[in-house]
Every structure is written in C-alpha cells, then in structure tokens.
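Okay, so chain A shows up in both of these, paired with chain B first and chain C after.
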Partner chain A sequence: MSTVFHICRREIIAFFSSLAGYVLVILFLGISGFFTWLYGSDVFFVGQANLNSFFNTAFWTLFFFIPAITMRSLAEEKRSGTLEWLITHPVTEARVVLGKWLACWVLVAVSLLLTLPYYLTIAWLGPVDHGAAVGGYLGLLMISAIYIGIGIFASSLTVNQIVAYLIALFTGFVFHTLFDLISGTLTGTTSTLLAYAGTTFHFETMARGVISLDNMVYGLSVTAFSLCLATVNLKRRLWL
Partner chain B sequence: MSGNGEPETEAVVMKSWLQGLFSHPAESVLQLILIAAILIVFNYIAYNNALRLDLTDDRRYTLSENSEEILNDLRDPVTLTAYFSDDLPPDFNRAARELRHLISYMARSSDTKITYRERNPSRSEEDAERAERAGIHPVTLDVRQQDRITQRQIYMGVTLEYGDEMEVMPFMQPEMPLEYELASALSRMVYPVRPVVGLVQGHGQPLQDEMSQFLNQLDYRYRIHTLDNLEEGIPESVDILAIIAPQQQLSEPEQETVYQFLAEGGRAFFALNRFETNPGDGTAKVVHTGLESLLAEYGVSVDSTLIRDRNSSMVRVPGQAGQFGYANQVEYPLIPVIREFADHPVTSGISSVVFQFLSPVSVVHQPDHIELHELAWTSEQTGLMKEDFNLDPMQEWSGTDFLESYLPVGVAARGVLAGNDSSPESALVVFGDGNFLINAQGGQEQELPADNVHLALNAIDWLADDTGLINLRTRITQSRPLQSVDSDRQTLIAYANVIFPILLITLFGGVRLLRYRSKRAKLQKRWSANE
Partner chain C sequence: MSISVTGLTKTYGNQQAVRNISFDVEQGEVVGFLGPNGAGKSTTMKIMTGYLAPTKGEVEICGYSVAEESTNIRRKIGYLPEHNPLYPDMGVIDFLKFSGSLHRMGKKELKRAVDYVVETCGLAPEAHKNIRELSKGYRQRTGVAHALLHNPDVLILDEPTTGLDPNQIVDIRSLIKEAGREKTVLLSSHILKEVEVTCSRVIIINDGEIVADEPTETLIRKTSGVKTYFVVLGGVDNPQHTEQILETHFSKINPSDAGTKPGWHIETGENTPFQQKLADLCREHGWHVEELRPVENSLEDIFRKLTSTSGDRES
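The block that comes next holds the complex of A and B.
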C-alpha cells in the first residue's frame, strides 16, 4: 500500500506545484460560489438554512472540474514516457492507477473542504440540518470518486490530454445525465434500472441526509470497474 | 505473524493472483465480465436491502418512537397489500420503493406481524377486481414516453387489513409523508375509538365544503359531529369543540353551553374573526361572537384591531390601461405570513402560516390555575389598524405603519376555570383569524399552504392529548428559514463567501511559491559557494 500512497503524494505535490492546478481549484470555487451565493436559486433567494444551492451547483461543477484534473494523470505519463520508467520500478499497474485515483480524490476533497465557510455561514444564519449537510458532502465525494475513476480510465486510453478530457466528459455525461434523462421517458423496470445506473438518483438520496447501502455499493462498483478498465488498458501494452 | 507463516503465504498467493489479473487478453475479457457480474449481483442485493443510515437531525427517514409504539400494540397480524402498476413514472417508482423500504422497517419492528404483498392490477384482471372492491381506482396521469406525452391509468393504492378492520389509501402521491399515512392508518385500526370533534355551525360560519382541505384531513383521525344548535347542549360523545369564524353572536344559552362544556373539563378550538371584512369596498365591521367574556375567564382576548405586517403575502389587483385589463401583484400587509412560533406541541414543525385579516390574541391577565402559552407572533415590523379601516391593497404603506413588533396571534390555555376546582382540566386554543382554514369561497377553490392545515390539526391533536403524531405529520415538510438579513449585509455575506475560499487557496499557493523561491535561492547560494 505504501507505493500507492507514495504515488498519491507525488501527484498531489505535482498538482500544487503547477499554476494550472490553482487555476482549476479557483475556477471550481468561483463558479460554485457564484451560483451558491450570487445568482439564480442562491442561498438568500431560497431563504432556507440548507446547502442545497451549493450541492446542486457542485453536482454540475464537479462534472466539468474532475475530467480536467484527471486528464493528465496517465495520458501525460504515457506521452512523456515516464509511465515506462514508473513501471520499471517494483510497482504494479493497478497500484499506479490506484495511487493516481487517490491523489485526484484527495484534491477534490481539499477543494470541497474549502467550501466549509458556506456551511459555517448558513449554520450561523439559520437552523441548518447538520446531518443532511454531511450527507450532501458525502454524496459529492461519492460522485467524485466515480467521475475520477472514469477520468483515469479515459486518461489511460490516449496520450492526448484534451481527448482524455472529452472522453471523460462524455462518459461522465452518460452517468450524470443520460441515464436519468432516458429513465424519465420510460416506465417500469427499465426506468428503475436506468435511474439506478445514473449518479443523480444516488446523489439526491445522499443530499437529503440518507446514506443507503445501495448508494455505497453503486459508488464503489462504478469506481472499481473504471479502475479495472484503466488497469487493463495499461497492461494491454504488455500483450503485444 | 504466526509461527507456521500461514498468513504470509496467503498474502503472497493473493499478491501473485492480483498481479496475474489482466495479464492475457482473453483471460482479461473473462475476468472483466466476471467482475462486472459480481458487481451487478452486489448492486441487486443492495438495491433490495433497506439498510441505511439516517444522518438528518430529526431522524426523519427513520421510524419514529410513535410508529414503534403503534407497532408494539399490534395484537394480530396486519396484511398490507400494495396495488401498484408495474409501469409507473419515475417519481411514483421512487415512492413505491420508499414504501417497500418503510414497510420492511415496520415489519422488523413489529416482530414480523406485518405481512406485505404486492399486486399488479394493470396486468391481472383478478387483481384489478380486488382493487376495485377495496376502493382503489386507477388514476389517469400524463406520462412522458420517449418523445410524446401519453395518458396512462395507474394504480398506486394500499390496503391494510387488521382482523376485521380494513383501511384503504386509494392513491399514494410521491410527496406524501408515507410514515405518517401508514402510522395513522394503523393507529385507527389498533385504537378504533376515534375522538369526536364537535363542529359548531349556524352563526355564519363557513360551510364544511369551504373548509374541505382541513376537514378532510381532520376526518382521517377524528369523527366530525356537526352541532347546529348549541342551545340543545353538547352531546357527551364530543371531546373537542371547534368554533371557526362565526360571523354572528352566539345566543346567551349557547354561550352558557360552551362555558359549561369547558367548566366540566372540555376542550375547545377557537379560530375567531374579530372583523367582517369586505375588501371590495374596503370596509371592516367588528364582530361580537359573545365568546369574549368566556375567553376573558381564561385571561385571553381577541383584540378589535387588525394586524398589518411587513411579512405578508402578495395579492393580485386588477387594473385597467385603456382598453386592456391587467393584474398588479402587490404585497398586502393585511394578509400576514406568520413565521415566529413558540416551542410548543401545537406549533411543532410549523414554519409559516398565512392568515387573513388577523387580530392579536392578547393575554390580558393571568388567572389562577390556568397555564397560558403564546403560540405565535407577528414579525419585528408590524402595526395595528385600530380605526378608519382602509383595506385598499393599492394604498401606500410607510415605515410608520409598522412600528410594533412581535404581537401574539395565538394562545393555548390549559387549567381549571375559577369556581370549578373539582372539575378536570379544560384546554383551549385561540387564534385571531378564522379565514386561515377556508380553502373555498364563492365557488372558487384554492389550495391552502400545508402549514395552515397542520397548525389547526396540531392544535386539535394537542387538545385531544394526542401529540404523538404531531411531529410525524410535519417532519417531511419542516422548513428551516434563514434569519432575516438586510440586503446590504446579504451582499457582504455573499461576496465574502465567494471570495474567502479563493483567497485561502491563493494564499496557500503564494506561501508555497515563496518557500520554493527561498529554497531555490539557498541552493543557488550553496552551489555558488561550492563553485
């Protein structure tokens, strides 16, 4: 496990040593803050002591923000040839993938931690439901885990970061919107299945403060399968 | 590690197995399919499992103590049958799933006294006939299917059978408080004697049809007995007297009947209009109900003034510009929205109630042996219209119209009336408006805000000494309003929240950059010294 943490630490340091990393976090905070506090169904417009305005915004900003974090993780290593160097060390492909995933997840968690002032302000302004707020943050962490998994897989497919971003965005779109959208046009079991396959269904449950077993299992399953696919992709070069 | 080194061997085997994963193309495909299948099975099991963690402060998605109490009191098995179509729209599908989970919790808490079965009347004619016999009829809904809207008939009803008793919930709406509905239905069967509410009529009160929203919900847990002539007395079966918006004075014998009822430990709910208002010509005339002296015995008075409040509803006022008619939306302070509530069972879970032409309910003195509680207040900016009543919604309001604050608009009293020391405790709840429960007038129906009805139902539950379901009723709809902040402060708070996190990360980046530069400078110095 220490190799996974080592890779994770190296990735985090690299992220915070680049200007692009800061620009990304600032963009995430700026957009989330703008829609939570200043525009549309913002906190004061809704007038309720809850973080729903932020959760609804972050649900979308993370969808765009995460592929931008993950796009370079494997694509850049492949392009610059450092992946080969990394694999020559006693490190398996799975650990590389896991280390990269963990680093991205920690970065998203840090970005979400920076929104803690929103929660403190709302708790100061009214009787916030602390449990529901915790549920919402856990929901965001869960969907982040999924999108990071998808992003890492997309990054393993190509050496071009933009292509990796677009693949991650499109695949994420399927989970984020498409399943839910199609489910809304159908009825019965198919509709239920598609709703369950989308992230909206699970995020909505968690954002109201309920963590169900199926939310957890779903999050872990999609993440684990994405990481398996990414590992297969890295191992593929040895098959030839 | 154990002496025989077994765990180490297992770890090595595991490690080599993991390293061997995805090493060959054909095997990799198989392994991926196998992993996907295992994950699908896990998800299937998890989806059908009701295990969950409720993090909400009031545990509103967990069975309440009251529900558990009802379940403990079940003597015979309950059969719960859901008549659900299989092609439900997504929000109904979700409600159906919530219901299944709720029932599975209830079944666990009831020592499996609850049996659940599901029938599909859309597929089986036999089930459709059963549903019809139970009083569950299909409801036509607009359903979006692919690219068009189609009309579909769906079943979404539930029956509960307990011994010879049967309760029917003909249509479960997705936004319904499911636990409250099920617990209420179970409680009606477990405790079959329903308290009786005597609804006084015949003094210009609104007709029952005009209060249908409130009375339909009241009927769910109480038996409603109309009292047209109080002079004949109040039947012994009546537990709670409800006098809502009388426009004419009660005769002296009727007043005496009400007095006697309370003196003997009766319970009463009063929602009294102090004025007969006519917004059309802008006039208001004082109403004397004859209950004033009775209320005074409890130390309570409904003042003959009208409240105007900054926290108010909008009304549509028709206007004319040349040949064209239009509607103005204006704030009307005589329709106040009350948001300040006491910590009392009557106001539990209530967040905002809309009153119309409301009068303050004051505590004028504190009688011995009677406990008084103010229940609700106006906002910080409120005022009183004492004379020269001008009800014109288009009039200009100024700051001097709202110089009062936090006027009480409802009071709960419990105790023994003077001279009746040996009688049981009586109780009453008084609100200075009766219009807040009227949902239809002049043939026009309107939906009352949910909290208007909940407030009156809570009051009746409190009077009936049945506060168990109060919290359950409002736990889903409970709102948590932000404290009011002036617009300048709002802007400051909003910008501070947007900028502060960005500032934090920028500061972190700046510190890192400075440390990096100083480290580099030190290294360069060391290199130059070495050179």
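The block that comes next holds the complex of A and C.
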C-alpha cells in the first residue's frame, strides 16, 4: 500500500505546485460561497438555518470541477512518457490508478473541509440539523469518489486533457442528470432502477441525514468499476 | 546469465517491429544495441523491462522470466526510457526520492542512495533545482541517476546520449563505463562511435532483425578496413573520361552531382596509398584537388559490409 501513498503524495504536491491547483480550489470555494450566501435561493432567501443551498450548489460545482482535477492525472503521464517511467518501477497499474484517485479525493476532501466556516456560520445563525449536515458532507464525498473514478477512467483513454475533461463531464452527466431525468418520465420498477443508478437520488437521501447501506454499496461499486476500467485501459498495451 | 532473450517477436498489427531475435548478455558485460531509428531497439528494451509484452518469445533477467515475475524483475533493472521522461515540476532530489520510494527503499537506505547517485552523476551543483530548470545534460544525468538509484544488477539505457553536446556525451559515457564495472549494461544507440567507445560487445539490429553480434574489436576491424573519400577535382575537361581513369586505379567509384564541379565518392582499401595515388594521377593529367575529405561510414554501409562475405570486400 505504501506505493499508493507515495503516488498519491506526489500527485497532491504536483497539484499545488501549479497556480491552476490554487485557482481551482478558490473558484470552487468562491462559486459555492456565492450561491450559498449571495445569489438565487441562498440562505437568506430561504430563511432557514440549513446547509441545503450549499449542498445543492456544491453538488453542481463538484460535477464541473472534478473533471478539471482528474483530467491531467493519466493523460499527462501518457503524453509526456512518464507513465512508462512509472510502470517500469515495481508498481502495478492498479496501484497507480488507486494512488491518483486517492490524491484527487483528498484534494476534494480538503476543499470541502475549507467550507466548514459556512457550516459554522449557519450553526451560529440558527439551530442546524447536524445529522443532515454530516450526511450532506458524506454525500458530497461519495459523489466525488464516483466522479473522480469516472474522471480517472476518462483520463486513461486519451493523451489530451481537454478530451479527458469532456469525456468525464459527459459520462458524469449521465449519472448526474440523465438517469434521473429519464426516470422521471417513466413509472414502475424501471423508473426506480434508473433513479437508483443516478447520483442525485443517493445524494438527496444522504443530504437528508439518512445514510443507508445501499448508498454506500452504490458509491463503492461505481467507483470501483471505473477504477477497474482505468486499470484495464493501462494494461491494454500488454495485450496489443 | 544476466540477460537472456530467446526468439523474441513483436508485431503491431501487420507490422513486425522485432523478428525472432535472440541474444544473451553475461554479467558485467557492457553491450551496445546499435541500429537506425525504427530498427526495433526501443521495442526490444520495452519488452525486456516488462512494459510491453512480446508477441512470441521470452526474456529472462537474472534468471527470472519477465512474463511471470514482472514486478521482481523491475527491482533488478535500472531503466532509462527513450527521451528520458521526467516530472518537470519536481525537484531533482524529490524526483530521486520518489523513484526510490516506489522501489520500496527504506528512509535511511534511500538517503544514502540519493547522496551516492547525486555525487556519482555529478548532479550536486544542480540538485536543489526543479527539473524544468535543468539543462538537457543535467536532465540526462538525472535520468541516469534514477536508473542507478536502487543499485540494480542490470542497466537498460535507451539512447542515453541523444541530444547532448559533445562534452555532455563524454560525461555520460564515462558514467556508463563506471557503472559497467559492476553491472550488466545494455545501451542502445544509432551512432556507431557511441558504442565503439563504451561497449565491449555490439549487437546490430536492423529492420527488427539482428544482423551482427560481435565483440567491438572485431566490428571495428571489419568496418575500418574500407575507407571512403569524397574528392572534387578541378581542371577536368571531360568528367566521363576522368571517371574512366579513376576506375582503373580505384575499384569503387560513385560520381556525385552535389556541386558544380565534378566530384566522386571513392572507396579504398586499408593499405592503399590513396593520397599518393591521387596526387600522381593529378600530376599526370593536369588536374588539381579542390576538395578531399574522408566520409564517415553510414550505418547502412556498415550493415552492408557486415552482412556481405569478406571476399566481397575490397582491400
């Protein structure tokens, strides 16, 4: 496991060694802060001391921001040839993928940690449902895990970061919106299954403070599946 | 046996990059892998390091099969990939430490190893810098340093001196020679001179096949017997007639129409007093020499010479 940790560490340092890393985190905080406090159905407009407006904003901002974090992870390594450098160390492809995923997830978790002042301020404004707040944060961490998995898979497909971003965004869109959208037009088991396949259903449940096993199973399985696909993609060179 | 390659074949679609090549390298040998670009050198090296899988054939490194013990083998190999990929955003020391940690080196061991390779590879004056700030020569040294870091038994270096200036080339060569005292080294190049000075044995590969595998001394003997000169003559009235005269004295003449004046590539044997003969001819026919220079043997010439039987060679 130590190699996963070393790859993760190197990735986080690389992220913050460029200005782009800071810009991304600041933009994320700025945009989610703006919609939580200043614009649209913000906290003051709703008039309730809860984090719903923040969670709903973060649910969308993460959807757009995560592909920007993940797009370079494998695409850049492939483009510059460092993937060969990395893989010719005693490291398996799965560990490389896992290390990259973990780094992105830690970055998102740190960004979310930086939004804690929002939570504290709202808790100061009025009585907050702490269970729902914890559930909401866990929900955001879970959908982030999924989108990062998808993003890493997208990044393993190409050497072009922009293409990786677009593939991740489109695939993310299927989970984020499309399943939910189609489910709304149908009824019965198909509708339920489609809703279950999307992230919205699980996130909304969790943001209400209800965390059930199926949310976890869903999050874990979609993430694991994406990471497996990314690993297979890196190993494909051995089968050609 | 340190490296053993048996019947290696690699096919990409319809294209055969490597065709049924076999060779062995003993422990402590420094072997040059020589061939023009696209000959299959890099593909072979990538297969040897486990980065690519062969279509057919087998590679064994230090007695382990690459196909079966891929991870174990990577611990035994120091590999410098083609174009020397590095992380430009990392510092030299951080980069080396990262490489070492992927080899699961302990903290103390790693520190000692980093100090050692920084010293041996002459990286000390630039060690505090980020890789993106390094000159090409220091980047190459960083690449070689990473390959040496975990004290591997086998070094595989893919074109370690490409793109370096003459001073840097000399530095890297001596580094490789130094490493070759204890380790088995396989290095690739498309420059004959390169392998001549560094390697004790040369394997020449062309179009995916081995065309020669011999000690460097034998190779030098075979290729240095024949020399080619480029001659431009002035005072020539009838170039065709001149060519006929030249042909009677030297056996291989190729006219060159590169310049405005008539010029020829003339091949001579090792013991032919070429300059003397040419001067005599000039005196006799009223020509004068406008240009006379030796021509470096191209790899293609060397392949031709090596693959043709000795009776064909003019000497």
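Everything below uses one rule, namely that the second predicted complex is superposed on the first by the 240 of 240 C-alpha atoms of A that agree within 3 Å, B and C clash if a C-alpha of one lies under 4 Å from a C-alpha of the other, contacts with A are read in each partner's own complex, and residues count from 1 in each chain.
The working rule: contacts are C-beta pairs under 8 Å (C-beta built on N, C-alpha and C of every residue); 3 or more make two chains touch, one makes a residue touch a chain.
On a predicted model such as this, the values are computed, not experimentally measured, just so you know.
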item	value
Fit or clash between chain C and chain B when superposed on chain A	fit
Touching partner for A:R237 - first (chain B), second (chain C), both, neither	second
First, second, both or neither for A:S17, with chain B first and chain C second	both
Which superposed partner A:I162 touches (first chain B, second chain C, both, neither)	neither
Which superposed partner A:I87 touches (first chain B, second chain C, both, neither)	second
Partner chain(s) touched by A:A132 [first = chain B, second = chain C, both, neither]	first
Per-residue contact with chain A, leading partner among chain C and chain B	B
First (chain B), second (chain C), both or neither touched by A:T3	second
Shortest CA-CA distance in Å separating chain B from chain C in the superposed model	5
Contact residues of chain A, present in both the chain B and the chain C interface	17, 92, 238-239
In the complex with chain A, residue positions of chain B that touch it	18-19, 21-25, 28, 32, 35-36, 39-40, 42-43, 45-47, 49, 51-58, 61, 86-90, 93-94, 97, 143-147, 152, 479-483, 485, 490, 493-502, 504-506, 508-509, 512, 516
Of all residues in chain C, those that touch chain A in their complex	12, 46, 49-53, 71-72, 74-75, 77, 79, 81-83, 85-87, 89-90, 94, 98-99, 101-104
Of all residues in chain A, those that touch chain C in their complex	2-3, 6-7, 10, 13-14, 17-18, 80-82, 84-92, 237-240
Chain B contact footprint on chain A (complex, rising order)	16-17, 22, 25-26, 29-30, 33-34, 36-38, 42-44, 47-50, 92-94, 114-115, 117-118, 121-122, 125-132, 134-135, 183-189, 191-192, 195-196, 208-214, 216-218, 221, 224-225, 228-229, 231-232, 235-236, 238-239
